[in-house]
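Heads up, the next two complexes both have subunit A, just with different partners, subunit B and then subunit C.
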Partner chain A sequence: MPIHEKSLIRPEDLETHDDMVLDGVDVSGHWSTFIKTRVVSDYNEALEEEIAALPGGEHIHRCWQCGSCTNSCTVNAVNPDFNPRYWIYLIRMGMESELLRDKDIIWQCVSCNKCTYACPRDVFPEGVMKATSHWLERKGHTPKSPSTHFDEVFTEQVVATGKIEESRTMRRFFTRTKQALMQDWMVEMVKRMLRGLPVGMLTRMGLATLVAPRTSDWSRASAAIQEYIDEQHEEQENALNLAQLVETAKRDAA
Partner chain B sequence: MSKPILIVGGGPAGLAAAHSFATVGKKAVIVEKEDRLGGAPILSGYAKLVPSGEWASDAIGGMVTRVEQAANVDVETGATVTGFDGTPGNFTAELSNGKKFEAEAAILCSGFTHFDSVNKPEWGFGTFEDVVTTTQVEQMISSGQGVRCPSDGRKPERVAILLCVGSRDRQIGREWCSKICCTVSANMAMEIREELPNCHVYIYYMDIRTFGLYETKYYWQSQEEFKVKYIKARIAEVTSDGDKLIVKGEDTLVKRPITIPFDMVVHAIGMDPNVDNPSIAETFGIDLEQHGFIDVANRYGAMGETSRPGVYVAGAATGPETIDDSIAQGHGTAMAVLSGLGEISKSA
Partner chain C sequence: MTTKDKYKKVAYYPGCALEGSGHSYNRSTKAVGKALGLDLVEVKNWNCCGAMEVKNIDPKIQTYLSSRVMSTAANEMDMDVVMAPCNGCYHNLKKAEYDLKNDAESAEVVDRLSKKAGHKTYESGQVETIHALDWIKDTIGEEGLKSRVKNSLSGIKVANYYGCMYTRPRHIFPEKDQGPGSESTSKPHFMDDLLAAAGAENVDFPLKTACCGGAHTLSDSDMSTKLVLNILQAAKLAGADVIATECPTCHSGLEMHQIRAEKTLGETVDIKILYFTQLLGMALGLKARKVGVHENISDSIRFLKEKGLG
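Showing the complex of A and B:
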């Protein structure tokens, strides 16, 4: 529902009581409906800082709520609930519970970057959407998305070998996302390729599958990249206070 | 041409006009009701000025020294004008201290009066110690004491600045925009963040009017570099839970009521017409405009003409004005006075 059509009072914030008497007056049933409080009683200043600590979210504090991002948004055109302007505001003011209501829509950003070009303040809303999706995943609010799995297998392979071997990337991706290794479209593709009998190419593919190709003298570059990744990862873990989150979860479980 | 020009008020506009006359060798008399020159920036203890970033005591203090050292400018402090009669080129002025002198023309540089926040009781000024005005925060900064909660001297961790206090408010008969409070507040927010990096500053606004080049240096910089937060909400009331101040209102961008705790609430107070304007108007026989500021009669003729020939006006006496523009008007009106006198001597 577009935001301007939203009711000030959500259906789930309405309460009716089957059996309730107040000061001797029977107020049961639908004719006397109670409304849960919808007052914002504090700002969570940490939320903006957490999103800003993730790649893409760095410039969120520049936003002055003009709405250019939402107006130019590809996804908003088909799903009026997809509203970057609104989420940026919720994050900046620290309205976390409100943001979490939309956790299953935020990842739908298609990264067309129309908002990036429309934004007069260079907030990079597309980056903020990416950072927010990652924030939701890392805080455990949403499961790892397929695209995150793909990014991970891709990165792991590049760091390890300096090269991409597509079939390996695909296999690992399917394994991690618990998909069948033999996808119908893949079988069909191989069949058609075999029909043309490109001997040389098939040989190279076969070899690459057996022996992982590596960039020569890669180990030092690999170590440097890995160090940078670890450093970034640690910084983000700290910014998001994840260690403490895990600690609390453990204590609650025990 | 030995008679001086009467300048009423020794603030930025009056000092600029006096300097202009001093430079061309024309005599001038500044009549200032307070005991020293400088006007609001000095008397109210402003800190760093917009947009130069210079301390008011240095910048305006320098203008005061320059005028005090000028041989052909007399200064009458602690005095007001009680009588003003005659025609252009031949006025007689009487002062409250009994002095009487002839003058060729007069420039009213009588400025403004800060809005008194007790007139907005729902915003807690006068009820809660930690509700202060922009002027008080300016003094905290300029005195070197730093921004502290008046109740117990602690460093605030969360400050709210409320814009349009005494401006754009028909309820209290003040329809005008005071023009500079948005910029002053953005500047103040940055100063607070600079002194107290752990203090979060929120600005509650209806519109942000950091006009012209102030946009980059104040509005944008305060958000981009100092992470000041702007919330579109007109506050309904400021109360207290006994521990913190509670700011109530509606966040219009999410259509939700808010009740947020703060350590300190700052009123960005507006500019009222000088409280003495009715008597000034009577003494000088000039008109006030509908809000009570001194009316400018002819916008496209000589600078600062009032409804009475030979009596001019410059600076915030005409309506809310920046310090820079007040200074420019002071200089410009001095020029208008000189050319007006030239006209008189030509026709004589």
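Showing the complex of A and C:
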């Protein structure tokens, strides 16, 4: 590799020439790798404010780009393109189109909070990742991620009953994301579970599937939470100017 | 080590996972408590703490849900301490406590929702939330355990796996990192201490607080499988026979993705996965069934028999 920072630059922005002379100097070959000039003109000046308006994104303005988040990141170790420090930079600069190039992986944050632990500025990068993936979905840049579907299925159940019954959550998640419920590794898992013949546990699980466990006297809490969710949803729609976005799209279509 | 008498009777908050996939953790925690003469009083009519999922939808709703559990323990049961063995519940109650103390907006939302729901608003400081590790460590301690051990865990090499939620982010655990005797957020050791007191040989395991990808067990299974495989292989390389766990999400994540790694990546790692309470319970002379070993997916019955346990 001619330059060791090469992995930080997108491959399509690197240029080498087999045969090139500039001002009498031979600049052929990988010794003279060029980085293409980049001009950014489509800034979204509201980007940082929009992310900050969503839960988790509130403290993004504190970032001073030390990179502790990316350095400690669990997902970055698996996929080097997963770079919270860089995304926070792009958001604060308003470089929306550059951010959108990574739109399909931002939701993959596993919320291990290593970044939040390491961050010297209390940016709560884990929250910023959640806010950013929600922003991408709300703005229509990406479909809802499997993670968001799971969060919604889970939250709906908690709001309705006060408790979670895991097999119900799983079934609803698989239905909503249109996946087969019994993948072969799950079949294997169930087989191994049955081997210990935990009769009491199976009976209890079977009963829980028929009659969901619930917190009693939950209806008032449920209504209060739902009211709060709706109210927040509306506030966020306004902060993200979603009504206007829909209007513009309609006008463009017409 | 001073023992804390106020932990001898605590409000017990099992949480949803311990009534489902984590049932063997529930069973073994109760059995260990009974064997040690500690009193667990289950929180009345509890609700979900909000877990990771509700927090992702809106952190303040998670704060409200966790606060309702603490409000019940404090105002309806007159308890000072809530013990949550699940890392997720423990983390969320701690986080709610922190937010209610430090964020006026969260406190306002919680107050509003509590009034509408018709119960007393939880005020920060009414209860102390502890983990099952604190509970045993501070009431019985290593010396107390040593004198109660009937079947030593000697000859069992254990990698202690604490996971994410028990130590991160550190600001919600003000009692940790307070010098000798306190728990460390970077190198936690309470589980190591307890299992060593029960005779186990703890291996030097570098991934104690690594992430198992539990948040995306189902929604990004390939990522979870990679992260789990990493943990299993590191524990095996460190020489462990068993990974001891303290969280139902980590535990079932390790078990599920151990199988998934076999099925999808062809990587088999032969290592047993047991809750630390199951190991402690058997050391205290309880039968394997009493601590729910048969309810685990990972099969360790033959291994335990060979070691003269259960």
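Everything that follows uses one rule, which is that the second predicted complex is superposed on the first by the 180 of 254 C-alpha atoms of A that agree within 3 Å, B and C clash if a C-alpha of one lies under 4 Å from a C-alpha of the other, contacts with A are read in each partner's own complex, and residues count from 1 in each chain.
The definition used in the following text is that a contact is a pair of C-beta atoms (placed from the backbone, for glycine too) under 8 Å apart; a residue touches a chain by one contact, two chains touch by 3 or more.
Here the structure is a predicted model, which is why all the values come from computation and not from measurement.
Novice: Classify the contacts of A:Q232 with the two partner chains as first (subunit B alone), second (subunit C alone), both, or neither.
Specialist: second
Novice: Touching A:E152 in the superposition: subunit B (first), subunit C (second), both, neither?
Specialist: Touch status of A:E152: second partner only.
Novice: Just to be sure I read the superposition right, which of the two partners does A:S97 touch: subunit B = first, subunit C = second, or both, or neither?
Specialist: Neither: A:S97 stays clear of subunit B and subunit C.
Novice: Tell me which partner A:T116 touches in the superposition: subunit B (first), subunit C (second), both or neither.
Specialist: second
Novice: Which chain, subunit B or subunit C, ends up touching more residues of subunit A in the combined arrangement?
Specialist: Tallying touched residues of subunit A, the top partner is C.
Novice: Jot down the residues of subunit A that show up as touching in both complexes, subunit B in one and subunit C in the other.
Specialist: After superposing on chain A, no subunit A residue contacts both subunit B and subunit C.
Novice: Under the stated contact criterion, what part of subunit C meets subunit A in this complex?
Specialist: These residues of subunit C touch subunit A: 16-17, 19-21, 23, 45-48, 50-54, 56-61, 64-65, 68, 109, 112-113, 116-118, 164-165, 167-170, 185, 210-211, 213-216, 218-220, 223-224, 226-227, 255-256, 259-260, 262-264, 292-299, 301.
Novice: Considering only the defined contacts, which subunit A positions touch subunit B in the complex?
Specialist: That would be residues 6, 8, 38-43, 45, 59, 61-62, 64-65, 86, 89-90, 92-93, 95, 98, 121 of subunit A.
Novice: Would you tell me which residues of subunit B are touching subunit A in their complex?
Specialist: 200, 202, 208, 220, 223-224, 227, 229-232, 251, 253-261
Novice: Give every residue of subunit A touching subunit C within the complex, in rising order.
Specialist: Listed in rising order, the residues of subunit A that touch subunit C are 55-56, 74-75, 78, 108, 110-114, 116-117, 124, 127, 130, 145-152, 154-155, 158, 162-167, 170, 173-174, 177, 184-185, 188-189, 192-193, 195-198, 201, 204-205, 208, 213, 215-218, 220-221, 223-225, 227-229, 232.
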